[in-house]
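In what comes next, chain A is part of two complexes: it sits with chain B in the first one and with chain C in the second one.
Then we have the complex of A and B:
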């Protein structure tokens, strides 16, 4: 039974190599897998879609993370922006961390490359970076008057002079705030924007933070949630199936429809831009990585019990 | 006086803001707006203070040739160069600042965070053992949730994602609610202690 002793004392460098390969290979060689959408993701999609073509409705995307969690959060940000651009939903972006400001630009530029008619100040507006000490004043101030609370956009233009702000005064109009976060910042939006002004709040969070948000989701304080790369992949699929084809959401259609990321696509043929299927490719890597971790856990336990049976080290 | 004045500022302003929250009178709103304009003015000084502090800490290390002073030098050079690139050419797409962000900041931050996957795998293999009934429950729940989060879980059985959702919605939620209630009560108690001047550790000095 030397094999079990060997399993128990396997050098961790072999584990690292296997994990690295199980992530890198699926990223380099994408394959099609079935992505089933979940209710929290569908609820966010439907809420945004209900604002389509309405000049007096808008959403706010708050970026509360830095580049470290980009792999999980960036695809969902691009997918939400793409949804807004496809369906003519006004979108505002904001961040309170200095190193997040370029990330906001990066996300907007990535999404709008394919939409030549989308213009800053008309279809979207980046409020830019605001110091964190202004987080609460701005969050609360937007409940009264957005143009007064934020004052200027990232280019230094007065908000009140921009066409996008026409018909948008406070949370009654800016009726969905999505906080993309790798921390607990979404709680502040729930506590102040939701409780005090009745704003609809949704979260786009890393998978590790998702469990923390379930109480708010169940109580209805969060209208929906995109959880990790899975949530991003689900949102990409929803945008592909409905938004790109200007269709209304349907539970039956999304249940049946499979969007191949390596083959024919109803809009892009066999050329869905990489940036619009990034999360689904990431899901492949996550699938293999999860399987490898489960195999490691099982092997470790087999070795442990075999050793224990022999009366070896516990 | 060094402790009493800050203490008085905190107590007075604390009660004023509690009053503002519950009494939306014109005077309280005007005071709040006036205070916010001060907050906006203070923010840039906080940034300046941060840069000064960073410069003093790392500058001292470099001049004294403290252990690993080379890293401090890299920090200072990066600080100066990034700020220079931003002020000189702006921060829009196609500028040196954005190039630095995409090619230095972004991959370095992502690399640091991705190390987590390797540590989790190694730790799961070495330590995630069914040593007791409680550990076994945790292990089984962990495997189900991991499988439920990826498409292969549904391919194996439709019960896997459903069970994973149940675990997150019921036992996880119960535990989270308990923790959050405790945290909420704790925060209320600490806030009251600060308002009443009982809790003073934020002033420094340890008493």
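Then we have the complex of A and C:
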């Protein structure tokens, strides 16, 4: 019983070291774990995929976070951009926070490196940073005319002169808005773009925000959701299984197929680039860290009850 | 040494400086914390100047002579009086105007957060999910009805509502743990991968 008493008074810094090691070791020695995709993630993937090769359809990615939540949101942004580039889906990006502007460029450049034919203004367009005071005017204005509401892209070019805007006028064409958010900003898109213009809205959110978004998902106001690093890992897998191989989504295939992050891939050969499997490697560490936390909770409780039985602290 | 290596090294050293708080509070941690606040503000100011002040104030008023915009610009300037003890009341005008704009969203918020949610909660109870949602909705609503004492049968029913909420809080907390661990994973991925190049 002495050991339980010791556990109760263990210096918290030992726990920090164990948690750190449970993350460092799986990152250094990655292993192939099974990532099962969930319906909210599949729904986002399928909707984007339904726009493949259609010049009069596009998606809008709104970045509503700063660098502090990059670990969860960046892999999903790269995965969605990669999906669009693979399947020839027009994509627009936008942000309303000043320190998010370089993160948008970072995500686009990371995904674009492997696609030499993808061009700004043709396949994608970064609207850039717009002041937050313009959030509502732009959000509502895009329901009428995107080129008039946004006016210029991040490089100062008039939107109406860009080839990408041909055939794209308002939310009828820009028919999916994905808000990558670490806050409740997705509700604004649901409240205004969805309710007023019937735009399809999806969320890519940090795990903290996921529980808040489920009611909107259940009521159909969000067409899908990527939740935390798990959502990002699922999307990475979907892109690897279908988009990179130019295949249509199939429930049967995704159930059966395991994409080995340490082995062969039909397109990338012996190894998928690290940037395209970052969330899946992260999920390995996440799994081990969760196991450690569960063990700590169990040990802590056993120690507590053992102490109490001995007449210790109540 | 390339620029990327230098910038990664600076970022890595500051990450370690912040992590040093886990051992104990120290001057290195405080230095990194204060620098972050300062850099964020310093970065945001010129960006807002370039992306907000120039295109929406300077250019339309001084170059395109749209003088009507002087009114909202002056209204915005009233915010600065927040720092004056005697004239801080002036800052309430732009705040009041902002609140009016927020009010514009009330009917649409009612629709998306109340009416649509109510409609989807009133589906036929023809599945196990439906039964669970029905019991949860009714018992939680009863729990928040405080005009009746939570005693006897009524108290037992509201207890079910409490259990439902506990499950909800548990799920939320589980997600929070996942999020915090993800942030640590992101930083360690940066240290081991981007900085030291140990993750391939």
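Note that the second predicted complex is superposed on the first by the 314 of 314 C-alpha atoms of A that agree within 3 Å, B and C clash if a C-alpha of one lies under 4 Å from a C-alpha of the other, contacts with A are read in each partner's own complex, and residues count from 1 in each chain.
Criterion: contacts are C-beta pairs under 8 Å (C-beta built on N, C-alpha and C of every residue); 3 or more make two chains touch, one makes a residue touch a chain.
A quick note: this is a predicted structure, and the numbers were derived from the prediction, not measured.
Judged by the touch definition given at the top, the superposed model places A:122 against neither chain B nor chain C.
Once chain A of one complex is fitted onto chain A of the other, the partner contacts of A:253 are absent, as it touches neither chain B nor chain C.
When the two structures are aligned on the shared chain, A:10 is found in touch with chain B, with no touch to chain C. Using the contact criterion defined above for the overlaid structures, shared-chain residue A:27 touches chain C, although it does not reach chain B. Residue contacts after overlaying the shared chain place A:191 against chain C, while chain B stays out of touching range. In the superposed model, A:278 lies in contact with chain C only, and not with chain B. The residues of chain A shared by its contacts with chain B and with chain C are 16, 19-20, 23, 68-71, 99, 101, 131, 133-134, 207, 210-211, 215, 218, 228, 230, 286, 289-290, 293. Note for the complex: chain C touches chain A at residues 22-23, 40, 43-44, 47-48, 51-52, 56, 101, 104-105, 108-109, 111-113, 116-117, 119-120, 168, 171-172, 175-179, 181-189, 192-193, 198-200.
Residues 36, 39-40, 42-44, 46-47, 91-93, 97-98, 101-102, 105-106, 108-110, 112-114, 117-118, 120-122, 124-126, 128-131, 139, 142-143, 146-147, 149-152, 154-155, 161, 165, 168-169, 172-173, 176-177, 180 of chain B touch chain A in their complex.
Of all residues in chain A, those touching chain B in their complex are 10, 12, 15-16, 19-20, 23, 33-36, 38, 66-71, 99, 101-103, 105-106, 109, 131, 133-134, 137, 141, 207, 210-212, 214-215, 218, 228, 230, 283, 286-287, 289-294, 296-297, 299-301, 304-305, 314.
Touching chain C in their complex are the following residues of chain A: 13, 16, 19-20, 23-24, 27-28, 30, 68-72, 74, 98-99, 101, 128-131, 133-134, 136, 187-188, 190-192, 194-196, 206-208, 210-211, 215-216, 218-221, 227-230, 271, 274, 278, 281-282, 285-286, 289-290, 293.
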